[in-house]
Amino acid sequence: MQTVVLDKVPALGALYAQAALGATRRVRRVAPGSLPDVSAEAREVRISEESLIQYQRLLGDAVREEVPSVFLHGTVFPVALWLLARKDFPLPLLGMVHLSNHVRHLRPVRPSETLTLRAHARDLRVHRAGTQVDLISQVLVGEELVWEGRSVYLAKGVSLEGSSRPEAEPHPDFVPPATTGRWRLDATTGRRFAEVLGDFNPIHLSLVSAKLLGLKRPIAHGMYLAARALKSAAPHGVGYAWEIEFAVPVQLPGSVEFALTSATQSSVGPGTSDEEPGSVGFVGWDARKVRPHFAGSVVPLALAATVGAGTD
Amino acid sequence: MGQNLSQNRPAVVIGGNRIPFARANGAYVGASNQDMMTAALDGLVARFGLQGQRIGAVASGAVLKHSRDFNLTREVVLGSALSPQTPAYDVQMACATGLETIGSLADKIKSGQIESGIGGGVDTVSDAPIAVSDDLRNVLLAAGRARSLKDRLAAFAKLRPRDLAPSAPGTDEPRTGLSMGEHQALTTQRWEITREAQDELAAASHQNLAAAYDRHFFDDLITPYRGLAKDNNMRADSTVAKLSKLKPAFGKSLGDQASMTAGNSTPLTDGASAVLLGSEEFAAEHDLPMLANFVDYELAAVDFVSGEEGLLMAPAYAVPRMLARQGLTLQDFDFYEIHEAFAGTVLSTLKAWEDPEFCKDKLGLDAPLGSIDRSKLNVNGSSLAAGHPFAATGGRIVATLAKMLHEKGSGRGLISVCAAGGQGIVAILEAR
Amino acid sequence: MADQYLDFANTPFGRSLAKRLGLPAPVRLRRYEQGAALIPGAAMVIGSSELARTTGELLLGWGLEVRTHDAGHAKLGAIVVVLDDVTTPADLSPHALTLSPALKRLAPGGRVITIARPEQDGDAPELAAARLGVTGMLRSVAHELRGGATANGIELEGSLDLSAPSAQAALRFLLSGRSAYVDGQFLRVDSQRGVLPQDADRPLVGKVAVVTGAARGIGAAIARVLRRDGATLVVVDVPQAGDALAKVANEVEGTALQLDVTRPEAGELIAAHAKERHGALDIVVHNAGITRDKLLANMDAAKWDSVIAVNIESQLAMNRAFKAAGLDQLRIVSLASTSGIAGNRGQSNYGASKAGVIGMVRASAPQLSSGVAGINAVAPGFIETEMTAKIPFATRAAGRLILPSLQQGGLPRDVAEAISFLASDSAAGINGRTLRVCGQSLIGA
């Protein structure tokens, strides 16, 4: 695989603008194996202390000597997006749906550490609603892998040549667990989160920008929802694995009913089945319509021996 | 060990004073925490002739507090009839504030550190601090730090219209975003507390409080304030039938299972209270009454963030620990003062103590604590009727219970107060 | 402040305007201040009896400059006319004619005081005429005086002389600024009982005093004056007035007792509080009172009964309780009113209650006649308080300005001074009496 070393972490705004220009191109089908064999890399990357403080204030969490997992995701995300915005990337960037994240945060990362960021795409595969792809992102300190994430994206309505779309599996009825929290998200939630991590995807920002992209109302960043969930569920001082699956988007302004569960009770989909001791599940849903927004889990790596390789 | 404490000299409750509790944005509009606490303290000083005296320490606090009130209690003392040489300190432990001040002062008296102390608390929702938004605050702080006009202007240039909206303190739990009522609604449902049981408790609270006023019980416990001589939330004619007509206010997501109404939940209230404690020597030397001994107190907290336990259930954990230390059972009391944050709180706590599974799994007990004689519960009314100005409730309860015990002439009373943040505080008083 | 007219009338402009409009020119009364001279000048003693001689000696002993016969050019702070030896109205003549020129030398705030025997059953007609003649003369002189000067008398029963502590105490009270608003009145001493204070400026040191209705007005003033005079205070008022009561308690460094005095157990609770918290109960001032004015033609039961219950029945019940509690050395002072003497339109209930107080005091005296025990009443005239502020303006202005010899309303303090005097052990020789503090108001004659 060819590695392109970027001279700096790209600005997301420029990438979105570039993607918007390419949006005139309508993609109906893609060929398997059409993913570019390219890996992007940015070196000597430092965390902005100011952004980190802003991020923790926004979530109402304390600033610690460890970088939150979602903040690391936000740090490496522009590198991954650079791949998606390339002309040779077969799927259209704008309008892609974020399905899930699967992260191994191998050890606590200090804000002062110098990072290397890497990303590549892989595994173009069929989905009942289109074609999905994995974006693999990595954060390294020196040669040590400290954070690795797989984000699954769906290009709706794009067919994968040679594959027929599977039938939609019947959803099990969603039975919400006992509430442990309620998030009241005001209309500025998307903009505020965007300001911290630079993800100015128009679907999150305002009513006008969201409507331009065909949404009724702006929706919350998936990673904001993950960040809120992890604030309650993630351990401190150890590595951990976590994942989140997204279902119905959270419209802004809006309210999310939230529950922490001791074992994963995800009924969004087949999902995860970490029944590890110390693992925490979480679910967010729409209390009125009784529809899930997301579900996920967190497993401390000190407890999850199977994932523990290379840590400590 | 508890033994050590009980070998110390007793800390005696001499008496108390509070101003009537007023429903928020009503009788006490314009009164600050300092105003109200000073009134409560001056009333106490007047009742016991403490003018110009140097008290060992005065401790109080408020849950909703202005930043200018960083030294609230000391400012109150300086504005009171007490000697300006009286030291004072603030405590802030949500609704446990009042009882914590009294407990900590009792410990100081028991250990011989001080001879006398005044504990209490105050809260106003009508004069709650409204803060500027975090963004505006950051801009203002940055502008304050700026060394040049250019830097200052640069700081202000970051300001956006939305930053100018003020932010008021909520009663939501910061970590869950749920209001206290929503939390209790979950607990109420978890313990299957019926609407009827909650309304019965609420009606009894009003009727008991009104009866206590009628027999002049509060004549030496309350000093009127701003034209109010009685708690104005009290409805002497409250009945279960009337309460049953109210619509649910909390737990609406529970649908037709929602049972918590404005009638069986405490309203937001303004008020202040103060309790005078002393050693036996202090009381005798000043010819002051000795109503009860402050025997012991205990704190507890629960993990409500994960949903493992209800927000307001901490007292259920604190009580058995204190009972064990004192070698008592739950039935060894003549009065139970369980703060009625919500009727559901009281009933859930009582039900938990009766539940073998809870007592075994959560409290680690071989047998349930058991049930209490309900005729001994909140016999002169509690927060549902009187109201609950957060930090003032502890002082209200201690003074009330001490007087009840003194009137009876013997026996013990148990106090239980739940608090935000999953905390709880409980205490034992003994008649004298 | 109570009397803006008084303040206005004492500005140069106000004085001339008042004069031109024919309005009375009230002056600031000479009120008591600790450490101030007893009287504003020399004292002149008129009279030729043995009592006149001992009076002069007593005044000399108090450090006063004393003159007899002729005042010369001195400003007189007081003129004491001793008339115990008059046997027929003709005997008044030389004394009156000696007093006549001396009056012109009387300083503002000065005093004219007669010391005489009261007219009593069995007096010969001539004697009775002479003795009652003294009162007529004195009251008329009181009307004649200006500049805040007052005229009052002391009546010594039987053969009592100035060795009676209460006679001395009465003389000192009437000379001093404590009696500023007492005018045209007589203090009758009926026994040798009474103990003079060690310090005349602090006569109540060591005494525990209860004042009911102490949250405001006259009650609060009574508490302040009793405190100034050395007493330890228990201030009582209804629970509804507790905040004002607490302020008074803290001001006078006493204890506040929130209590409705109409409760049956009020006396018991007061006695218990005083004993438990202060070790004793020496003085009770029954000041709590209410008005519910209505013409009798329009009266309802609530208005009538509440006034009677608070103003007199409660006092009777408390006194019974104090007696039952064995408080046999109690000094009690009750608040009557000139309305209880002369009546007042719209105050049939109030008048009944206050006349009732006068009767209660008179009838209770024999039961409180040992040691320093005793019971008396004070009947205020027009006093500027929150309660009188409710009286319609016209009535109020008339009551305040036209009727009293002193041409002004009194202050709560003036009533308090009289009460403090009657509450002291030195007044034990005065019992069952009602002293008016009315600036010699025509109301009640």
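As written, the chains take the letters A, B and C, and residue 1 is the first residue of each chain.
The working rule: contacts are C-beta pairs under 8 Å (C-beta built on N, C-alpha and C of every residue); 3 or more make two chains touch, one makes a residue touch a chain.
Please read these numbers as outputs of a predicted model, since none were measured by experiment.
*Asks:* Average the CA atoms of each chain to get its centre, and name the chain whose centre is farthest from that of chain C.
*Replies:* Result for the farthest chain: A.
*Asks:* Taking all protein C-alpha atoms shown, work out their mean, then name the chain whose own C-alpha mean is nearest to it.
*Replies:* B
*Asks:* Return the distance between the CA-based centres of chain B and chain C, expressed in whole Å.
*Replies:* Spacing between the chain centres: roughly 51 Å.
*Asks:* Per the centroid of Cα atoms for each chain, what is the distance between chain A and chain B, given in Å?
*Replies:* So the centre of chain A lies 44 Å away from the centre of chain B.
*Asks:* Please report how many Å separate the Cα centroid of chain A from that of chain C, as a whole number.
*Replies:* 91
*Asks:* So in the complex, which bits of chain C are touching chain B?
*Replies:* 239-243, 245-247, 249-250, 253-260, 263, 276-279
*Asks:* Give every residue of chain A touching chain B within the complex, in rising order.
*Replies:* Listed in rising order, the residues of chain A that touch chain B are 57, 60, 177-184, 188, 232, 257-262, 280, 287.
*Asks:* Give every residue of chain B touching chain C within the complex, in rising order.
*Replies:* Going through chain B, the ones touching chain C are 19, 39, 42-43, 45-49, 51-52, 81, 216, 218-220, 222-226, 229, 287-289.
*Asks:* Can you name the residues of chain B that touch chain A in the complex?
*Replies:* 134, 162, 174-178, 182, 186, 190, 253, 304-308
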